[in-house]
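Across the two complexes that follow, subunit A remains constant while its partner is subunit B and subsequently subunit C.
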Partner chain A sequence: MSFRYEIRLSGAGGQGLILVGKIIAEAAAIYDDKNATQSQSYGPEARGGASRSEVIISDGDIDYPKATDIDLLLAMTQEAADKYAGEVKSGGIIVADSDFVKSPPEGDFAVHCLPITQIAEEKVGKKITANLVALGMIHKLSGVISEESVINAIRARVPRGTEEVNIQAFKYGQDLVD
Partner chain B sequence: METLETIENNVSILANHYRKYLHTISRFKNSLIQALESSGKLMQIHLWRSSSSPRAEMGIIASLTADIRTRVQHVSCYYALQFLHMNFRHLDILALGITSGTALTDVYRQFIMNVGRDFRTLTKAYLETLLDIYLPASNREDFIICSVGTRADQDDIDLGIITADGAEDEDMNRALQKITQHMLVYATPLHLHLSEHVGKQLYTTTIPEYTQLFEKQIQDFVIISELLNATKIIGGDALFERFQEEVIARFFYHPSRDIKYHEGFLRGILGDARALLVSPLGTDTISPKDDAIRIIKSIITAKKAIHGVQQVNAWEIIDALKQKEPHLASEYEQLFRATSFLEMFKFLLQLFIAQEETFRLDEVDKNQLALIAQKMGYKPIGTISAWDQLIIDYYRHVGEVRKLCDFLLEDATQHLSSVSLFVKMLRAAGPLEAGGGPKASLAQELIQTARFFTGVRYWEDVLNLLQSDTHLLNTFIDGFEKLEEETKADVIRAYMTWAQHSPITIMRLITIMGKKQENVIGDTVSRLMSLAFLQELEQLPYITERLCKIYSHYPQFIHEFLQILSEPHYEYLYRILARPVIDERFEQYQVQLKDLCEIHQWSSRYFLRFFSRVISHHPEHLNSLTSSSQLSEIAAGLLAMVDVLPGHTEKKRVLGDYYDLEFLRIGIGSMRGADLGTTNREFTEFCDNYMRKLFDVCSEEVGQESTAVLPSTDTFAIFAAGGHAREQAYDDDYDLIAIVDTEDRELIGYATRIITRMNREILKRGLLPHYRLGEILGGFVSPLSQIIDYLSSDDEESFIDLSQLLGARMIVGSSIMKSIFNEKILDRFVFSDKAFYINGMIHEIHGRQNVVEQCATESCNLKETRGGLRDIEAVALMLKAYLGIYAPLSQDFFPEISNRVPEVADELDVLNRSMYYLRTIRDLYRITVAVEDSILPDYLERVAPIFRESGRTQWGSSEQIMEQVQSTLRDSTGACDRVIDFLQSQIQQ
Partner chain C sequence: MKARTFMMQGNQAVAEGAIDAGCRFFAGYPITPSSEIAEYLSGRLPEVGGRFMQMEDEIAAMGAVIGASLGGMKSMTATSGPGFSLKQENIGFASMTEVPVVIVNVMRGGPSTGLPTMPSQADVMQARWGTHGDHPIIVLAPGGVREAYDLTVQAFNMSEEYRVPVILLLDEIVGHVHEKVTLPAPDELVIIDRKKPTVPPEEYLPYVADETLVPPMANFGEGYRYHVTGLVHDETGFPTNVTEEIEAQLMRLNTKLDRYEDEIIQFEETLTEDAKIGVVAYGSTARSARSALLRARDEDISAGMIRLQTIWPFPTDRIREFARQVSHIVVPELNLGQIAHEVEHAARGEAEVVRINRISGEPIHPDEILAAIKEYW
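Entry: the complex of A and B
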């Protein structure tokens, strides 16, 4: 029986969620030799300020590339947490940024509401790396992709010269969950 | 292998994501070479150089083995090699082009076109080969694969896949699922936006699915934009032609077609263009796509739909539009060049930095930036690096594009207005029929028709029509008001769903209606809508950013909206503005917007009058509200500009702007807790600047109209009297005394003409110029001889005028005139007989005390009450007379004379403090409540926060302020009495 893992990354434009989606998908598909699909918000939804990216990872064929039963939700804003928490499956995981999610969702799922942006700002010195801190948390909590693959995918995706700082942010995210 | 090393070296200068292709090559190249060698076909395949027939070579590679997995890996390895060769080849051609002497923008355009063409050819070959592997042609139903995005973009490939009606396309979808996976892993990911939003299948859609979707609602304009730019890359012509006719054609303008599709698309795409245009540019990031390219594409796609242009490439569309609209040829030419530059820059940023849309300049590798500049043909000039020049050009192009697109947006709006169903509906609306009638529900009809257009955001033409046609607006509002309460509530709710998609539209509608209903009392429909709108707004995601974005581009519009709000409404806005904004670009606007709300909420109408005048003339000043020094600099610039302007009308207009802006600056300072001394000093300074300059301009104007010699300032002087003379801020009138030391009727006539013109300008500022002495003596300008005669008479009123003259401060006039005034008026009528003046004033005070009301808890007159400002000013005048002081009564008068009358030094200290406190309350009351001397405790709630926020918490509530006022008045009364006693005792000696 093949496994299927659905991740939804949600928040506001400019928070780097599309990039995280691409990194996860490429880590799984290119470096971990799994199947993966990645989609992103486009059209009017993205025009309202919201940003959403979805990744589905499977070791078999992905016959339906839309997320319907979310295993892990990253909510980087309150609006995103409010909108998508209801679609997280029973026993799923919600990762939220407590800097922006002041009322974490409640339900039959585990919530990890931690100061993601603050960690990025204080430890990495760059607020903009909050997405990579979140990626570290997702990696640790989901356990569906290998660390080496994620780091390879980070290296292949981030701008030249920023590789180390982004990997550092990723590792801070992993530490947050420990 | 040497050739692989060459490729690796070449890739090492590219952005990191190109390593994916090296990864594929290194994984499968040995297997591929081995298979080719075994089959003897190695020589037929271009592995280490570009191929001119990739489709044929992929076919050969795919035929090497029967194993599907291996076939895909081999083809993907070949694709990766060809993809890298293609990029390197075009970079070499670019370098040649740069040195060729051809205009750079032409080189850029050619580069992007060629890369796009070759990338399309390569990906088409890859897609076809994979399709052959997973779904042989013999098993396929009729289908087409269309490219719907930018051809040269290598970050993703936007595709639309359409199959024949009712085709059993499970096999096709299964094949596409595999291909999508391979594209993600080995090549460029596919993006199937159309399939994600249309139809039931995962990857394919049918023509009926599109038509059914569009019948219901105009839908997502992004889908329509993609459809309008669709180019068939694989599949049959007949199906594509049918698709164009049945699905796409409806969005092009044609008088005989149902206009709603075209109109809906235009409203969607123009709304998107406008939303992008109002987005402020990042300060430390650049995004060629969001900053400009998307705006260009939205506008030209709108124009394409208007003019039926069939081309799909941006440059070809612009060329076609140039033919269709020759009057806009130069605008399109500029757009053409800017597009070339921006597409080239974006391509190289993605090629050398990262496959992103937004680039943070502070974190990008500087060597890579230098490389991009060099590839684009830039060279260092002296100390200016090539990159610096490039980035300057970038902002220049972005600025140009935004300006041009703003203009073209207006142009497209005219077309929209001429074909719109809504505009037709509104124009057809006649006057409201008595007792209601069908036209009474225009608001209802409008919102019902708008259902098909749900989600679109551009309604400027409709709103412009409502705003400009008073008759229509009346019909609209009256009809709305006449609806049954329940229906009215339903209609308002319906408008709120509109607000979800386009807050700016409803905000503007409410503003238009609100202005019309400004003076109507009660729950007008505009007030009901405002409240419903603010409640709705609070629920909308990312509304803080959205409001800030609107404000950043349309500050005046937001200002107008705030003008029609009631005080309780502001709480909603404060809650919204208190939310954290994620995008740092908006932080400054968030602060400014909050400030603007506070000014609107806490300002008196008196203050708002100045504020609104400034903003209506110069909306750009809204961006400076948070910075007093910035406003001050602008004001200084305006004052300086008056001297260099050629015409008097223009000079007076700019001078008026100077006055209003300075008034606004100082008023904002007061609201933020500025010290009274600073306020009075700065206020007096700008008022004097204004009056002196106004005198110069008006003198010059009168002088140019006549050959006569004008009165000089040795014979003509203007004195400020009353509050302006005492350096008191926020008077709503201007007491003036104009004096000439001549009997020459002609000179007096000219002086009068100057004063008349000055009065006209002063009135425009909302100030009433008063010439009490002039009125008594029969003209604005009073000859000195007449003043002397009048003061020498037994007229009882003359004492008041003498007091005004004693307190007067010369603002225009020479030192000669000042000496004459001192000698002939002050010496002769005041200082030579101090006792007469002091006794007269004491008589005056006692006479008034019999009629004035005491300060009460429910109301208190700060000026006329015993111990109030008038008493304090009277005491000051007596002391001025007693001590023979020529200088006007400055705000530091009491401390300055204290050592000359040590007997009452303590009393003077009390009077000084009392005057300070009472004037502070007076000023703040004027700025936040009304220009009244009587203060009402309820309204002190508007004053108290200013004390609280400036740390003076002892007066942080209206009760505390009232108590302090009463205690101040008591202290002041005692001090006044004691000083009067002292003066009486002195003059009797």
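Entry: the complex of A and C
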């Protein structure tokens, strides 16, 4: 059985979860030379509504590109936390934003419920970088992608001119789980 | 030029495949989940000397690609279910007038505007019979990002070689999933261009075919003039009501693909050699199925799959043969059994067809297919 790591990024449309999924997948597949897929599901709305992005990282072929047994769940809303915690595997990890997730899920997994959006707002000075703060936490907690690869992927994927602020947000995220 | 490795989604791979196949004209009207094809080509086509047009609606877009193709441009449009419905009249026109065009339908659930953002395989039959009247059509269904590129190149080649509309059917997962792909260098591709007339313009009869059954096609603007109509026409292209002429043209039109089926029909077999229980699947559903059958093999269950890359014409002969070998054929689909019906027809009772259907917008989980395989093992 080849190595397979499943990440689900869930929250609301507009929180940048699909971008984070693309960064993780690109870091793993292009810069770390593993295999990865990123898929998404979202509603017809441009903003708001439930949004979900999934990344599968493997050293073999990836047939089914959706998460079936989640290793790491990011929940950026209470609704997402409630809906998906049950799909996290035993011994898995949940990263949640305490600004939105007031009652963190309980179960056979490690929960890191921390003020992600608040850090983005107060330390980075840009609430919109909350997704990159979450990425920093995911990077640190999952241990499946190298830091250098994530930073390369951030530089390749975020809008030009915002690289440094996004990398800063990513680093605040890493520090949050130290 | 060298091979290129990217993280890319299926829709983007379709756009890249089109460019590398020589497509230089796109007309369309954006619609989820196909919009990235138009978005991407609006940037890429001008870079390679092509033209991108956003039209007022899908019908006009289909008309525009037919016109561009008559003028000699390899042309494509992309849409989803409701837009595909609108295009049907002009798809029939392309069939009747034998104009090469490529139509991408990234499917959504229907009817009507249905489920814009969720995966579905609801247009398998619409792709075959959406336009009225007996007509030839080729429909290809990629199962992943690299294959979306490859089949787009082939779609252009087939449309040029056989002068038929070719439809690429993607589901939302194949259209939107990002995968690591290595694309070939464009100069490594085999590219087929339409056969042109060898006679001078005054001797050109646009609908006279040699033994290939595919008439040479003159591009407008190169000195040849001829009449293009959706009415049944004779060898000159003008309408005819003469029974013998009608019969000759329509029978040629409707049988011209038959002799090329070996080249057109493509499928991939996984562990079919010793299979006692079969799976027939296509698109993203085949990925769930492959995962399920590999797990079945871990439990010493001899399951094997035929994954359709060409849906129409349907690989009836191979499925019939497969049905003689296996006891059951599991057919998972994100519709209510559009291909299962065809598999049943091909199997003619030699194997029992087991349907797994879903139209709620969620993909079919590998566990569900594994459960079916085990149940009938």
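Structure notes:
As a working rule, the second predicted complex is superposed on the first by the 170 of 178 C-alpha atoms of A that agree within 3 Å, B and C clash if a C-alpha of one lies under 4 Å from a C-alpha of the other, contacts with A are read in each partner's own complex, and residues count from 1 in each chain.
The rule is short, and it goes like this: a residue touches a chain if its C-beta (ideal position, glycine included) is under 8 Å from a C-beta of that chain, and two chains touch if they have at least 3 such contacts.
What you see is a predicted model; the values in this text were computed from it and never measured.
Superposition of the two structures on subunit A leads subunit B and subunit C into a clash.
Once the two complexes are laid over each other on the shared chain, residue contacts for A:A50 go to subunit B alone; subunit C is not touched. Set side by side, subunit B and subunit C differ in how many residues of subunit A they touch, and the one touching more is B.
When both complexes are overlaid on chain A, the residue A:E79 reaches subunit B alone and has no touch with subunit C. Looking at the shared chain after the overlay, A:G107 reaches neither subunit B nor subunit C. When the two complexes are overlaid on their common chain A, residue A:G60 makes contact with neither subunit B nor subunit C.
By the touch criterion stated above, A:Q15 is placed in contact with subunit B alone, subunit C being left untouched. By the touch criterion defined above, A:S41 reaches subunit C but does not reach subunit B. Using the contact criterion defined above for the overlaid structures, shared-chain residue A:T68 touches subunit C, although it does not reach subunit B. Once chain A of one complex is fitted onto chain A of the other, the partner contacts of A:G125 are absent, as it touches neither subunit B nor subunit C. In the overlay built on the shared chain, the residue A:R160 is in contact with subunit B alone; subunit C does not reach it. Among the listed stretches 149-157, 581-589, 851-859 or 941-949 of subunit B, only 149-157 clashes with subunit C once the two complexes are superposed. Shared contact residues of subunit A, touching subunit B in one structure and subunit C in the other: 25-26, 29-30, 35-39, 42-44, 62-66. Residues of subunit B touching subunit A in their complex: 15-17, 19-20, 23, 174, 177-178, 180-181, 184-185, 189, 191, 193, 196-197, 202, 220-223, 272, 275, 352-356, 358-360, 363-365, 368, 455, 501, 541-542, 545-546, 580, 582-583. Considering their complex, residues 11-15, 19, 25-26, 29-30, 35-39, 42-44, 47-50, 61-66, 76-77, 79, 83, 99-100, 126, 128, 155-163, 165 of subunit A touch subunit B. Those residues of subunit C that touch subunit A in the shared complex are 5-7, 32, 116-118, 173, 176-180, 284, 287-288, 290-291, 294, 363, 365-367. Across the complex, subunit C is touched by residues 22, 25-26, 29-30, 35-44, 62-66, 68 of subunit A.
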